[in-house]
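We call the chains A, B, C and D, going by the order they appear; numbering starts again at 1 in every chain.
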Amino acid sequence: ADVDTIAVLTPEQGSDFGWNQQGVEAAKAAAAATGVEIIVAEGLGYGDVRAPMRELAADGADLMIAHASGYNTAGPEIAKETGVPVAIVDSPDALEKGLVADYTLSGHEGAYLAGRLAAKMTSTGTVGIVVSGEPPSWNSQSAGFAEGVRAENPEVKILYSVIGPAAYSDAAGGNRVTTSVIAAGADIIFGQGNGSSFGMIQAVESNKATDGSDVLFIDVIGDKSELDKGHLLASVLWDMTPVYTAMIEDLKADKFGTRGYAISLADDSVRLIKTPQVDEAAWNEVMKLREQIISGDIKVEPKFEAEEVRALVTLAE
Amino acid sequence: MSASVAHATETMTDLPSQERAGVIGVHGVTKRFPGVIAVDNVSLTFHRGEVHVLLGENGAGKSTLVGMLSGLQEPDEGHLTLNGHKARLASPSASLEAGISTVFQHSMLVPTLTVLENLTLGAPWHERPPRARIAARMEELKREFALSLPLDAVVGELSLGQQQQIEIARALLRDSKVLILDEATSMLTPQGAQELGERMQQLVRSGLAVIFITHKLAEAYRYGNRISVLKQGALAGEMGPEELKAMSEEQAVDEIVRLMFGREAGTASVENRKSTARDSIVLKVEGLSTQGDADVMGVRDVSLALRAGEIVGVAGIDGNGQKQLAEAMAGQRPLIAGHVELEGEDITRASVAQRRRKGLRYLTDDRLSEGSVSAFPISENTVLKDIGQPPFWVRGVERPQRIAQHARDLIARFSVRTPNEMTPIGRLSGGNIQKVLLGRELSGEARVVVFNKPTYGLDLKNIETSRQRISDIAERGLGVLLISTDLDELMALSDRIAVMEGGRIRGIVENDGSGEALRLRIGRMMAGEEDHKQATP
Amino acid sequence: MSSLLTEAFLSSLFTGAIVAAIPMLLAGLGEQMSEKAGVLNIGIEGMMLMGAYMGFLVAFSTDSLWLGFLGGIFGGVLTAVVMAVLCVRLGLNQIVIGIGLTLGVEGLTALLHHFQFSRTYPRLPAPVRLDIPGLTDLPVIGPSLFGRHPIVYLALLAVLVLALLYRRTNLGMTLRAAGERPAALDVAGGNVLGIRVVAVLFTGAMAGLGGAYLANIGAGLFIPFMTGGAGFIGIVLAMLARGRPLWVLIGSLIFGAALSLTTALQVAGSNIPTDVIQMLPFAAVMLVLVIFGRRAKLPAALGAAYERGAR
Amino acid sequence: MTIQDNMKPETLEPELNEAENVRPASERSALERILTLTIGPIIAAFLLSAIILMLVGVNPLTYYGYILERSLFSGLGLQQTATRMAPLLFLCASLIVAFRAGLWNLGTDGQFLLGAVISAATAPLLVGVLPGWAVLLVGFVLAALVGAIWSVIPALLKAYQGVNEIITTLMMSFLGVLLASTLVKLLFRDPATTVPQTRTLPVEDRLPRLFDTSISSGLIWGLIAVLAVHIMMTRTAFGLRLRMVGANPAAATHAGLSVPLLTMATFGISAGFAGLSGATEILGVAGNIRANWDPAYGLMVIPLVFLARFHGVGSIVLVFFYSALMIGSESAARRLGVPQDFTLVLVASLLICLGLGEYIDQHKRKKER
């Protein structure tokens, strides 16, 4: 089919150093790579996205990337209504030839590596996972991280805490919860949140671990290293450019909707960012582990359920 | 009593003549409110050493005038003078600074604060409460005026009489030049009123000017040195000290009535109506008790029987369970014991609406906050107690025409003064609201009517028509229970008078026309003495 | 359950309680003054948010946390001025204007944030802490109670100062009169509108400071909608505290503890689903309301505009 | 607690009647009043918002023109606007009942979401079991019930303990929002998806669309709800009872009405409509509900209903206006880079300017006499 314009729809502004920014930038990169125009519709919220989708369809988009799990009911419906192909997330079973494709993104492999790294570098023997909510993609990373820690050193305690209601923008809540987790002994925090991550980082910067050492932070999805003040240990970076590029090419080749897309360590669409805070030796070991995962020597299965995460972290007896 | 009258007319003479210019005056002041000219081009001067009485029927503009003197309102036209100089009183604090202290018609105390705090009210917020100073001043007041108040008591817990004393004390505490008392005797006992009268005389002797507003004409004559009468906002007449001194109380009262109403109002009033009681008992209450609490007194073991055509008065000092008794009869207040029978039928468990449909009506004493919904038009107010009933509602749907017609009839029958039936009832004057409520209670098949203070706050003319209506109702064969704090009213209308004290009926006496003796006997019962010669039919 | 009562559990509980309580304490103290004076200040959420925005803006552009707090106070007061003019001076409906103000500030700050910071997400440096030698080293409560930013102690001091002001000066009485019977205060020579305006502005100042705390200490940056209902909690605290600053403190600590308990329970590895744990704080407030709601005696003139001589 | 007496929404109304009944024709012309009361403030609000737009570097004319074009002057936009109105209309119905009866139901968000959750949880399961209309009916009825149930605690506390409903409904709302997402995650979750959301009601089983458009027929039901409520409150005995309780509970008791029962009824009806609102959004548009979804319409609708002075038709007009604004600004967010949050600024300016207009009008009338 002819593809001259694609659209990407995000719930928040594409400047959040996270999910939205990665989505928008990848879509732009993919558009540039495949030579198509792009319409960016950001900040649409988590509500009813049907209105903007109809409008984008009417404006001539040939593919709409609905970049939020909240859009995965509306997406296929609008695709059927307007005939414009839609890509949605987190719905592997929703494929429909020529109309609906899915890209399920899970950074669990990257998170596993981050967990291995954290377990190597903790001095208190405790690490923390702080999340603003429990969507599947975050659960899979929390689980991956916990598995990594376990695999590296079963003695390390893993504290887990969800911030709470309205938590996506609750920066102060992120700070509060992270502060509590640090007070409970964690010296490395694996944090997943939108606005709230900034609060987590603030807590990491302003609290000392219980043994007096600096606390470090592992971020996800985006790259906040330009904001870093010496506490960022790593980030599990997601690069969706390969995914979107493949989608556009499939669409051009009339194969859209016949397969799902994913990100993985293998093509660097999931990778770990290195910062000056990383211990060189530990990093080299982790990179070796990366090879093992790619080669299949180490298997990391994605786990999307919150219960599965809780089963992996340290529980009270 | 004659002693104080003598005082009253003496004080004038030895004042220096320059004082005659008046410490405060109003000159050609006019004040308008939507639809009314409350004060209409009035000029008055108030002098030191004088108790200047302002008289006038309800709505004549007395309180509005007071409002202008106390800085609550500014005149639309005309101006004020202080010591002969033109002045502006733009706020209550300006008025207080000018030395004018006011005791308002409606309580101006904060019920949740202590007496001391109420006395301090208005002081700069950053200062510490001047407890010692106020306590010392209160001591002086105690010596001079026998005013004694518990400084740390919470005002809301004191009696209305004590509260009025607080307001008077507050006015006296400020070394003021002018003291305004707007119906300050309304809540006092005759005894208290007389004390206040003497206190006023004491004050004017020390050089103050006192402005005194009352509806009781005898008080005006006894405690006043000068009387001004307002009528529909305008000055209708003035009686100077000499003129007053020359008249007897009766002559003065006649003259005032003429000025106020333009006719001899007092004469036509219902003087000891003839009993129209029949034999059949329409309402019987036995052993009725209600729950009391911190704020309201419970009623204990009240028994009463009411015959057709009979008026039974309920006397008592306000707050001794009268209102609760009325509410219990109307079905508004749950009983803890006893039962109520209407024409032989037990209605103890009947709801307010059921009782009403059976012919038991209750006219509340609280016209504004209980009797009416001020934002609703008169028409809706006339049917508030019949919501959902035909012919005004058919299967729950309103018939606006029917209601309007009904309201227009009622307005005509009870000569309610209003632009039309769509006017929000809150806009009417107190007397006219009362007429609407009366009309509401009397429409349909009434058998027994409980009146709670039906003439409270009305002027002479309205009191008179209301009493006539009550008497007519009894004549038509209805049973009437008349609750009132006004003994004269009870003695003029009732066949029998039950006296309540502390939530009980202390006794029921025949109104045998024995005048002063009966009054004394009732007075003793009101004070809590049991009457042993209970007369039951 | 005994294994829950570890040092880790307790210190995360205490730490979280204090951190969470401060903004609500400030908001509650501010709201309390408005409510005493008869103004139901529903706009407090907006005042907090404006305080958060301005607090951050000033702190960020001057590099001074203290100036930032002043900025937060300014932002709160600025919003409160609108409320004071519309609801106190002009007598418009307090609830509707309050909701309107909150919505307006949410929109405005989100808009400004979008154009100013959303590409860079600048953050403030970590706040200094006032370590109190000796005390800070106490186990469990040491690091949580002591060793916080000085503003925390100022907030606690405000409780004391307000309690003294209410008790020892005419302020408490004047406020109560304005809230109970404004006409009585007026005719006694007091200034009803004046004291109400002062109370509303004070609410703005405290809410603004609370917001600035959230942004500058709590998060280190401004995020749209970041107050997330803290102002509404402040209203509830003020209503339940019956005019006493100390009760606002107790209430905010209880609420803070409930919030923090949700974290502490998770950190301790409790197996209750987090969604259920997170309902705890609100369920706690409802429980308090069910048990004590009746005793939340509110000023008689709360919510009513005062107009001299009206009847 | 007497707070209710002062803050009763009902007490704000009398000025209206006054205007109708008492003003002689000779005073300021009707035109002048319309200018100060509506047109003036609306223009002022748009100007105020325009200044803010200019401050952030956006041309207000472009922006407003764009909004109009996108939401009203294009067929697609108008359809979207109409669809967006449906849940808001049900919320108006909810608030009109509460406000006219003197109760501040500030908890509609929680009631809305729980209504939405129950309808989303049940309707898809009933497809095929019951005929299509019955599925929808069951969904709506359950939503109304659940919404009403969520108001029982505030209602009981208010009716029998006098506890201020502002705080209780607000708290129950926070709690309801959390409970809704917990229910989705733990109880009603669609096992076939990884994302926590309920089963989806197929498009063809939702409320039918109007004619050949994408407008949901929820719009019609919403309009009916608002008008029915308006008529109930102004024309029936039951409505008068509720209004009387709202305007003066002491008088209501005196007239033999059971204030507690009527209070409970008001809460039930109001919260029930809020639940229905949630159901229209689900059964009409969304088809399912996701955990943590909260459009927070409730707080937004309060100013609208207020600006309409609790009048049914007025509310409909304002809801139309607001929906157009929402649809237009979603579009403008993308084209002009102005976040949708700007609509909040616009609504707040409107509220403030209309309030000021009313004040000026009252002031002028006072001066005139």
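As a convention for this text, a contact is a pair of C-beta atoms (placed from the backbone, for glycine too) under 8 Å apart; a residue touches a chain by one contact, two chains touch by 3 or more.
Per UniProt, the chains are B = ABC transporter, ATP-binding protein; C, D = ABC transporter, permease protein.
Note that this is a predicted model, so its numbers are computed, not measured.
Relative to the C-alpha centre of subunit A, the farthest chain centre belongs to B.
Taking B-D and C-D together, the chain pair joined by more C-beta contacts is C-D. In terms of their C-alpha centroids, the spacing between subunit B and subunit C amounts to 47 Å. Averaging Cα coordinates per chain places subunit C and subunit D 28 Å apart. Spacing of subunit A relative to subunit C, judged by their CA centroids, is 34 angstrom.
Contacts with at least two other chains are made by residues 174, 178, 185, 339 of subunit D.
Annotation for subunit A: residues 13, 43, 134, 165, 306 touch two or more other chains.
Residues of subunit C in contact with two or more other chains: 114, 224, 229, 273, 278, 300. Chain pairs that touch one another are A-C, A-D, B-C, B-D, C-D. Partner subunit C is touched in their complex by these residues of subunit D: 1-3, 6-7, 9, 12, 52, 56-57, 104, 153, 157, 161-164, 166-168, 170-172, 174-175, 178-179, 181-182, 185-186, 299-300, 302-303, 306, 338-339, 341-349, 351-352, 355-356, 358-359.
Subunit B makes touch with subunit D in their complex at residues 32-35, 330-332, 351-353, 356, 362, 364, 366, 369-377, 380, 384-385, 387-388, 393, 396-398, 419-420, 422-424, 426-427.
Residues of subunit D that touch subunit A in their complex: 70, 76-77, 80, 83-84, 174, 177-178, 185, 192-197, 200, 203, 214, 281, 285-288, 290, 292-293, 295, 327, 330-331, 333-334, 339-340. Here subunit C touches subunit D in the complex through residues 40, 82, 86, 90-97, 99-108, 110-112, 114-115, 224, 229, 232, 235-236, 239, 273, 275-276, 278-279, 282-283, 285-286, 289-290, 293-294, 296-304, going by the rule given at the top. By the touch criterion given at the top, residues 10-11, 13-14, 17-18, 21-22, 235-238, 240-241, 243-244, 247-248, 250-251, 253-257, 369 of subunit D touch subunit B in their complex.
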